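Going in written order, the chains are labelled A, B and C, and every chain counts its residues from 1.
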């Protein structure tokens, strides 16, 4: 019996995931001893865990290549994945900050919430740094399973049950596509490593004629498109976003999408650079469809959570524009955009959450009548988030869009940029509608139930800063994003 | 920089700082009004001081020709975006107009605004900052930033304190402008990339981009995108439909600012960015611009005649007057361009004053229907006198300001497009028709309804008197203004 | 011969798979699912993966299906009416048939054949080293990290099941 040759493990490459998982498991144990009205402490503990996780991320920036790769090339913790890991941590932290209040109000503050969020975050990280299709797939599953539970976390509410179940069914469906695609790709190339696939494609140019390989790639694209909610694979989004507990909607509207893009980018850009014309033509159509369907449908929504769900579809479309561009500017733009999207979208959801009360989610746009004058500061914060979502300077959303469209124009996709910009103009309408209700209609409610906890205030403060500071002085972040591009 | 002081930056951000000072006293309307007016007056004083000292300034080092004041700092270096503000004669005029009209707007809303006073004044000051930025920035992205920043306060002003279909008008205003400006953003990126690939230095600085050689086809498209954004703002004929709604439904201060300043940003944009960036494309678009301008002049006056609402009437008259500005720009001769800039100032003063007057009447009688009034001359003589004066100014009576502007524009454009000038001449006559009718209906026929109207107060009188002085001064003696314009206009048209 | 055998098993797998969805009685569905699993196990054997076949039978067809059947019987589910979710059947059928035709057309082109790349393993290695050992080896070398992630995945699934289903948490 020959001995097992263990691969070069290099724990540094999965340090953030390890810390998060360890904290999650520890919290599961601690949870047993915490009484139900004090579950907020678990939230604080998980925040500490997230803060600690930032250290390996900062330390790993610009690390030498041999320290980036681990597990026989199964993961690669390069700057690209580190930037995305930062986005995931930010979105997880912001969502945790707003969770406790909501969960207590709705009577579902079970301590398992926080470990699940942390494990979902670890899953996203694995998607971002995975260079083996198996790692990407398992990261995606880890993320998805946790999200199914989080979407249905409010067990006593029918809507939440529906959200969880729907997400589960459609998620399983999409995972099937992805996995089938990976299997076919493996069959065609004999390896699951992305670098291996790239090498095989380079060595066997005839592979384009191999239907197995092509169908494999297409199916993987479909699987990823489900995850990033690109039209026409977006049908699950509105129902799930509407039904899920609001903090979890905030969480799943940002991180998982960013993770999907990270894996999507890595697989297609590294494994298939030779066939960029083909897949970018496909993605061109997908981007236009996604932006247009998202924006047009959002125009007709009365429920603000559904509206933001469709708007998030539209935003996925803008990000796809950067993907189609496929150049360094476009890719850096995607990263910058996802980071600023984390701040503005979670910030908006944080306000939505405050406006509701137990049993009355107050999610209709009309429920915001006069909100801006009853609570000037919250109204101002909401306006900033909405303007940022609409891409109006000086908010980070503008710089992100500017960046992505620059990339598209630079790559010669003028029409795509024009369609994107027209879409962006249309989107202004439905963001403005919320503003119109907040400032231009007479108040119906007093909003006297509204209480901002310190954690919530911190979340809003961070979100506003995260929207305004990169919007006014984006230099540093732009530089980071440019350095994070992997080609 | 003047003596080491970044005067232009102060000019841009002083109103914003003033707005921040309003926040601590947001519950005391009296303080708010005085503080806001104080900020506006300080700004006006600063702008005035610059005007007085203007001849003493030297060409700023490193600045393009004609720019006596110039500040340039790195901002987003990764993209070659800089914080560049500069002032030449045209900007100076626009800046002083902005400071002046803002003070007027702050003063006319003294009594009319009773709710949410803090926000109202705050928005006006924020908007002043935005407009100052538009008139001073020489970096395309900085310009775009201010261009958008000035939108938001106006949207809120119309939507919160407006009348009638205020929300519809506010959203319409916002969407129209946003649509144009986003396409302009793409064009900005386009110019940037063309210049970058040509010279290797990626920059958004206007002085550098002016020298870009762009393929004629591409230049045409890019200029079209710029022109669309600016034409919506001016507004040129088929794109004007937001304007009557926005003007009519805006509160008095909003109308004054909209007519006095926001429309000017469009014309200024064409002069400062559109033509210099794409001279050939602009020349080939000039006939179109001329036609639209002439159509706008006649159409605006024609429709104004049919209006029964005074504010709508003034709004449509704006379409006509701004048509003259566009005509002068299209001709692009030194004389016509000077006339256009002068006319921008004139229009700001007269239309601002007319909106203020209509607003005062509306405050008292709570209606703006022409048919509701009559015989005001006997009841409120002071008001009527001012109304007569500004109506005549608007109609282009010789000796008053609009006449000077329009005459110079027509004189300057005649050689380039004689037919257009002949047609535009009708546009001088038509306003006379509807203004005379307006004045007659309002001031002289017998009273139709018994309305208890008080004559203007001291504050209102002061505001109107200042405007009247400006109107008369600009009409009788526009030479100092034209002197200011000589150098920059010469540089722009290439005939120094 | 092998192709013929494959065709038969595949046919059974597809038919029983359709029965899982179409049967109105949940017990029948469950039993059809077992048949599908057995067919899959047969495929594994044909692909020279006896260990996988054994696992498939023991874990899925054995343990999991027994649990499912238990639950169905304990809950005493009545036969579903089956008419609630039929609004998109026509559209679904059309799209399905079109996709099928497309796939058949696409794959029958045979321009370069469907030969995939062979990995490091062949029949000879499998017979020499043993299938189980090969799986074990790759699990602790090449796929060490995925293997570990799987444990996290199971943990999440367990926690999730408890959160969603336990009566009092």
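Convention: contacts are C-beta pairs under 8 Å (C-beta built on N, C-alpha and C of every residue); 3 or more make two chains touch, one makes a residue touch a chain.
The model shown is predicted, which means the values in this text are computed figures rather than measured ones.
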Notebook entry, point to check: If you take the mean of the Cα atoms for each chain, which one ends up farthest from chain B?
Noted result: C
Notebook entry, point to check: So which chain ends up closest to the centre of the protein, judged by Cα positions averaged per chain?
Noted result: A
Checklist line | Whole-Å gap separating chain B and chain C, where each centre is the average of the chain's CA atoms | finding: 70
Notebook entry, point to check: Counting in whole Å, what is the centre-to-centre distance of chain A and chain C, each centre being its mean C-alpha position?
Noted result: 30
Notebook entry, point to check: Where the CA atoms of chain A average out and where those of chain B average out, how many Å apart are those spots?
Noted result: 43
Item checked: Footprint of chain A on chain B - complex, ascending -> 75-79, 116, 141, 144-145, 148-149, 151-152, 155-156, 159-160, 166-167, 170-171, 174-175, 178-179, 182-183, 185-186, 189-190, 192-193
Item checked: List of chain A residues in touch with chain C within their complex -> 4-7, 9, 14, 21, 25, 28, 70-72, 74-75, 110, 112, 115-116, 119-120, 122-123, 126, 132, 134-135, 137-139, 141-142, 145-146, 148-149, 152-153, 155, 164, 187-191, 200, 204, 206, 209-212, 215
Notebook entry, point to check: Which of the residues in chain A come into contact with chain B in the complex?
Noted result: 373, 387, 392-394, 398, 402, 405-406, 409-410, 414, 417-418, 421-422, 424-425, 428-429, 432-433, 435-436, 439-440, 473-475, 478-479, 482
Next item on the list: Would you mind writing out the residues of chain C in touch with chain A in their complex?
Entry: 106-107, 109, 111-112, 114-119, 137, 140-146, 149-150, 152-153, 155-157, 159-160, 162-164, 169
